[in-house]
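Scrolling down, you'll hit the structures one after another.
Two complexes, one shared chain (subunit A), two partners (subunit B, subunit C).
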Partner chain A sequence: MIQANQYLDAKGLACPMPIVKTKKAMNDLEEGHVLEVQATDKGSIADLAAWSSSVGHQYLGTVEEADVLYHYIRKGTNEPEVEKTFEHTIPLDEIQSQEGLILDVREAAEYSFGHIEGAISIPLGELDSRMTELDKEKEVYVICRTGKRSDLAAQLLAKNGFKKVYNVLPGMTEWDGKIEKEI
Partner chain B sequence: MSNKVAIIAANGGLFDAYKVFNIATAAAASDKEVQIFFTFEGLNLIHKQAMHNLEMPEGKEHFAEGFEKANIPSIPELVEMAQELGVTFIACQMTMDVMGLTKEDFVDGIEVGGAVTFLEFSKDAAPTLTF
Partner chain C sequence: MTVNKWTAAKVARKVIDQEELFILDVRNTDAFEDWKIEGQNFEYVNIPYFELLDGVDEVLTKIPADKEVLVVCAKEGSSIMVAEMLSEAGREVGYLEGGMRAWSSYLEPIKVADLKNGGELYQFVRLGKGCLSYMIISDGEAAIIDAVRFTDVFLDFAKEKGVDIKHVFDTHLHADHISGGRHIAAETGATYYLPPKDATEVVFPYTPLTERLNVKVGASQINVEALYSPGHTIGSTSFVIDNRFLLTGDILFMDSIGRPDLAGKAEDWVGDLRETLYKRYRELAEDLVVLPAHFMIIDELNEDGTVARRLGDLFKENHGLNIEDEAEFRRTVTDNLPPQPNAHEQIRQINMGKIAPDEDEQTEMEIGPNRCAVR
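== the complex of A and B ==
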């Protein structure tokens, strides 16, 4: 089961209704959150992917179950380019040779559609309440899609007494190694 | 990249209406600025009464069942949705004069204009489509 922040039932609707409904649902969604669109229109697979890229959202993927298509879209990031401020960083291609934990702070659905083998998932929004699950003395390599969320997560961990935290740059967009899926 | 989609609706059948409004609503839902220029039989598509009874091409009436089965929205529903999404409707003044129609014969919220109105909008639109 893939986790989303909001759900939209577009089952039984024909083109262009799934797109129109998705657009409306996206308006009410918080930036960076994930919408699950349930549809039966087969054309929606190609349409929602194309629509997402055209309006600036991130299409994560689609799962089909019992004739229903479950599409996952993360609300677009038109946020301004912020400077990454966490000083300890590590290039992406060096992390696999390291001891320690790879912490993936993207949304749960993004993680489900593909993450580095062995990485554990705590979305940035949940990190504050869940960091007790992590060992403060161990190396933590924080990764997200492009390095922005991981920068914030790394700062948060360091502020809370984690001693060996690294922001992995650039992020999953450039990862070409093996990935694991949870779908 | 152009953010405008310009559409000419020049035919008045049911199939024509779906081609026009499907593309228009999909484009508007993709944050495009959409304008439709209704001319000649295309005026049927936004005519208060005619839009409820648009005809299928001769010999294709059996598709009615398919429309129902696939749960396709009706044309008046698509018209409303297009307007809700901000699609601009322009009725062609010249054709209205020829057919003896006035603005009140059409759904609310339309504009009336001539060919130049559409040309001005469409000069930097991509794509421009004709149905």
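== the complex of A and C ==
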């Protein structure tokens, strides 16, 4: 089961209604959160993907189960260029040759639709409360989509006594190696 | 302003009469670029409906106020929404009832010729998909060739003409569209013929369509003579009708030739294709009028909407019939082939009777252009 922050039932609705409803639901969603849209109109796959990219949302993917389509869209990913301040960074192409843990801090649904083999998932918003799951003495390579969330996550970990933390740059957008999916 | 509902039949008339029409296609850009309503004097603008949810004010300048405007989408819901918005902005527009789905399934019957003793030959033009089916009528009887899956159109037409359907043929096992042949035969008690070499895996009974099979339609004896012409498939068979018309199936088109790869056997069948086009067809009378099972582009339609040309003219003008060098011919039809038609493998399975998806799934599989040819 893929996790989302909000759910929208658009089952049984014909085009254009799934998109009209999705648009409304996205307005009420928090930036960076994920909406699950349940629909039965097959055309909604291509249309939601195209609409998302045209308005700057991130279309994560669709799974089909028992004739229902489950679409996942993350709000607003045309992220502004924010200066990344965490000083220990590592280029993406070097991480697979390293010992240690790859920590993926994107939303759970983003992780489900494709992550680096062996990476574990703790979304940025949950990191504070779930930090105890991690070993402070080991290397932690923090990754997200573009390096922005992982920058914040790396700072948070360092502040809490993690000694060998690295922000992986640029992030999953540039990853062209093998991916694992959990869908 | 009013919003007018247009039927696919009305749009078909515009295409055939080469009239002007401005189409606002509100499907997503990929769908539009893959496939749209083609008309020689049509103009288009593609703006996906989801970019118009907040209003149409910004696009009004792109839509002419002095032309007939038709809004088109996949099924019709979005085109109604956009048409109503345009209407509120003071424009008179129409929308296509049933959308591209209806367009894909619309057939326009056009008379090709009168045959001897009062017989008639009709071509059913499926404008949205480029498929061509045929009906031969004579003395209260009819034969149908390469029927598409909208069986009611053929059954109703036969009823209107007061004829009994006696023979139903498929020139080959189709990969780009779902055949209606055996369903029409089941409904009417007609004999259904299929080339045995294409039918090794079919799971229903059929009558073998073999070389030199000669069927008479009606008391006036219109001749329907089979001619083995492999290459698109190994069983592909052509027909000579009334010694005047050559039905080529998917072997020879107006401006292109059949592709040998849709059953995954391009290398095996390219030699057969060569033999058919450069030897067997060469032995036929040049005055035969070629009637193919597809057209590729709307320019191939004649003024009356039919797709038909003299065999001798095709020998002169069709590039695929004029590649002297055999190696070059082989390269042309095996390399750089266009993308395969949507869902072609599933469509073959349906035509073999192995799977029977519901109406919606069948519609979905047939969406898009036919892509049976290589130029």
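Just so it is clear, the second predicted complex is superposed on the first by the 181 of 183 C-alpha atoms of A that agree within 3 Å, B and C clash if a C-alpha of one lies under 4 Å from a C-alpha of the other, contacts with A are read in each partner's own complex, and residues count from 1 in each chain.
The criterion applied here is as follows: a residue touches a chain if its C-beta (ideal position, glycine included) is under 8 Å from a C-beta of that chain, and two chains touch if they have at least 3 such contacts.
In this text the structure is predicted, and so the values were computed from the model without any measurement.
K.L.:
When the two structures are superposed on subunit A, do subunit B and subunit C clash or fit side by side?
P.N.:
Superposition check on subunit A flags a clash between subunit B and subunit C.
K.L.:
Based on the superposed arrangement, let me know which partner A:163 touches: subunit B (first), subunit C (second), both, or neither?
P.N.:
In the superposed model, A:163 contacts neither subunit B nor subunit C.
K.L.:
Return first, second, both or neither, reflecting whether A:51 touches subunit B, subunit C, both chains, or no partner chain.
P.N.:
Once the two structures are laid over each other on A, A:51 reaches both partners.
K.L.:
Quick one: classify A:42 as touching subunit B (first), subunit C (second), both or neither.
P.N.:
second
K.L.:
With the two structures laid over each other on chain A, which partner does A:12 touch: subunit B (first), subunit C (second), both, or neither?
P.N.:
The first partner, subunit B, only.
K.L.:
Could you tell me if A:138 is touching subunit B, subunit C, both of them or neither one (first, second, both, neither)?
P.N.:
The answer is neither, since A:138 touches no partner chain.
K.L.:
Using the superposition on A, tell me which residues of subunit A are in contact with subunit B and, in the other complex, with subunit C.
P.N.:
In subunit A, residues 14-17, 19-20, 23, 47, 51, 54 are touched by subunit B and also by subunit C.
K.L.:
In their complex, what parts of subunit C are in touch with subunit A?
P.N.:
Of all residues in subunit C, those touching subunit A are 28-31, 48-51, 53, 73-75, 77-78, 81, 364.
K.L.:
Sort out for me which residues of subunit A touch subunit C in the complex.
P.N.:
Contacts found on subunit A: 14-17, 19-20, 23, 42-43, 46-47, 50-51, 54.
K.L.:
For the complex, give me every residue of subunit A touching subunit B.
P.N.:
Touching subunit B: residues 12-17, 19-20, 22-23, 47, 51, 54-55 of subunit A.
K.L.:
Residues of subunit B touching subunit A in their complex?
P.N.:
Going by the criterion above, the answer is residues 22, 25-26, 29-31, 70-73, 81, 85.
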